[in-house]
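In order of appearance the chains are A, B, C and D, and numbering begins at 1 in each one.
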Amino acid sequence: MNPTSEPEFVQIFTTGGTIDKIYYDAKDDYTVGDPQISKLLEEARVNFPYAIEALFKKDSLEMTEADRARIREAVAASPARRVLITHGTDTMVETARALAGVPGKTVVLVGAMQPARFLGSDAEFNIGYAVAAVQLLPAGVYIAMNGEVFTPDRVRKNRERLRFERTEP
Amino acid sequence: MNPTSEPEFVQIFTTGGTIDKIYYDAKDDYTVGDPQISKLLEEARVNFPYAIEALFKKDSLEMTEADRARIREAVAASPARRVLITHGTDTMVETARALAGVPGKTVVLVGAMQPARFLGSDAEFNIGYAVAAVQLLPAGVYIAMNGEVFTPDRVRKNRERLRFERTEP
Amino acid sequence: MNPTSEPEFVQIFTTGGTIDKIYYDAKDDYTVGDPQISKLLEEARVNFPYAIEALFKKDSLEMTEADRARIREAVAASPARRVLITHGTDTMVETARALAGVPGKTVVLVGAMQPARFLGSDAEFNIGYAVAAVQLLPAGVYIAMNGEVFTPDRVRKNRERLRFERTEP
Amino acid sequence: MNPTSEPEFVQIFTTGGTIDKIYYDAKDDYTVGDPQISKLLEEARVNFPYAIEALFKKDSLEMTEADRARIREAVAASPARRVLITHGTDTMVETARALAGVPGKTVVLVGAMQPARFLGSDAEFNIGYAVAAVQLLPAGVYIAMNGEVFTPDRVRKNRERLRFERTEP
């Protein structure tokens, strides 16, 4: 992005994950609800052009190779050069790797460790961070979590520390 | 930032503004309280190295040229190459212009239209966005608001629309 | 209220005050917005019958004797035996005293020290408390604040401690 | 309670339930955390005397008859005449029935359909309502939910409507 020119269009795909989890008392359980990113972008009164398309409402542990192929097709088919994907954190790295090699696009995956509807959630910070990342990074596939940008081959989710970490090459 | 290397240190200066406003019933008024960015970064469990220094707790309408000189000195004196400044939105553009020409640093100013302690505030999104911007942009002074990066000479706050807008050159 | 019978109808009058304050960046100031009690009762999924009527949207320091006369008329004219009034805390005691002697009704005044839209506000607790108070107390005029019921002749707002306190007779 | 006299001491027992649920990303699940009522009472700046004792941190579906006997013992052994119990909603009615006949005390059970840490939760309203109910009701065992007081023999949780309802005698 050139800061003196108008911002580019961003295509946003949502796939579910913790960020969109709501609590259904009727099941004494959480469920993946509607994409929260829509509300978060409205609250932030963002001005750049974007569109949101919900591909799935899944916990990322339930995501299959067929689902990943569908995400890849959606990214490749989009006319947008900048693509943001909200995704569960557990298999975000696998999906990022499955997207490797999509040519000519900046693709950023982002999620949250706490549902967006929770007080003190990391969702709003993470979405803000990922929006800047998808606007500013060169073509490639990236994970934006915990205030850092990672490449898919050099990252893992540390489930004990609840953080994404850089791995050795 | 090179996404395959460790993230750089970010120096954060806080100056007050709406983002830090709290409500004091005893005065029937809002007052600038402690910097909220500290809590927001903890909630986001960020992993990059940073330090926070509070320069002022001011409404930005009360900021003087002497205050701006002090901000400029603090930025110049910091060993950090990446500097984030939280600031009231009303005179953010003036402060950004006063920082022009500080050499060799990426400086990003950010604020909020709603106090961080308000439900539905833009503060968390904006801080997330600004953190990515300060990590990823080349040397220069920028304003990060409403999901966009602006240069100080090409931006104004539209008070009617409650948005920062790009201006003609 | 007899806990084995159906709950009675509650008439709710709103008059403004801190509980309904919102933040308008355009003015760098707070303003009394729409009544928050409507949203709070929906979130609590209450089941008892009620109606909400907005009488004013005022800071209670601006409330006049004519305003208090209008509140008294509205209470007297309502067919409801149970009346809840949301009110700014600064002159809540004066309004409660002005309502003394309305016959045959249980009238409860309630407000908040922090706007309902603030994280950590006392508004939701206070509204819940006041709803139970208006359902359970005998005829009379009461203030429900800080987890206590007060009679208008034995209460004051302690502005230093930000609390309603019982006074000596 | 006599509104002109000092408020009585309230003993609060917590047992877990949805009201105290937090989200642990490491388990992709909700877990019962620390009692939220403590924080809620502080935010409301309540002035009446109380003590909080955590008996369990359980989902109420896991509560056994032995657990209910322990709650009954704790209530009976407390010197307090007014006892508030936070409890999961699924078996709140069973626990209320198990407490029937504890002499000389006002006992109120309360919970929430949404975790207290969720935006838009009913927890704060419900706790406020229950505090007034335990202060104002005569001796007996009650459930305070959805802005109503129920007796244990005339109530059920309607899981489809997510509401407590009065049943026919």
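Please note the rule applied: contacts are C-beta pairs under 8 Å (C-beta built on N, C-alpha and C of every residue); 3 or more make two chains touch, one makes a residue touch a chain.
Everything numeric in this text was worked out from a predicted model, so none of it was measured.
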Those chains which touch subunit C and also touch subunit B: none
Longest centre-to-centre distance from subunit A, chain (CA-based): C
Subunit B and subunit D, separation of their C-alpha mean positions in angstrom: 44
Approximate Å spacing (C-alpha centroids) for the pair subunit C, subunit D: 25
Centre-to-centre distance between subunit D and subunit A (centres being mean Cα positions), rounded to whole Å: 39
Residues of subunit D engaged with two or more neighbouring chains: 113, 119-120, 162
Topology of the chain contact graph, where touching chains are joined (line, ring, star, complete, other): ring
Chain-to-chain touches, reported pairwise for every pair that qualifies: A-B, A-D, B-C, C-D
Subunit C-facing residues of subunit D, complex: 1, 3-4, 6-7, 40-41, 43-48, 113, 120-122, 124-133, 135-137, 140, 142, 144, 146-151, 154, 162-166, 169
Subunit D contact footprint on subunit A (complex, rising order): 18, 21, 23, 25-26, 28-30, 59, 61, 89-90, 113-115, 117-120, 159-160, 162
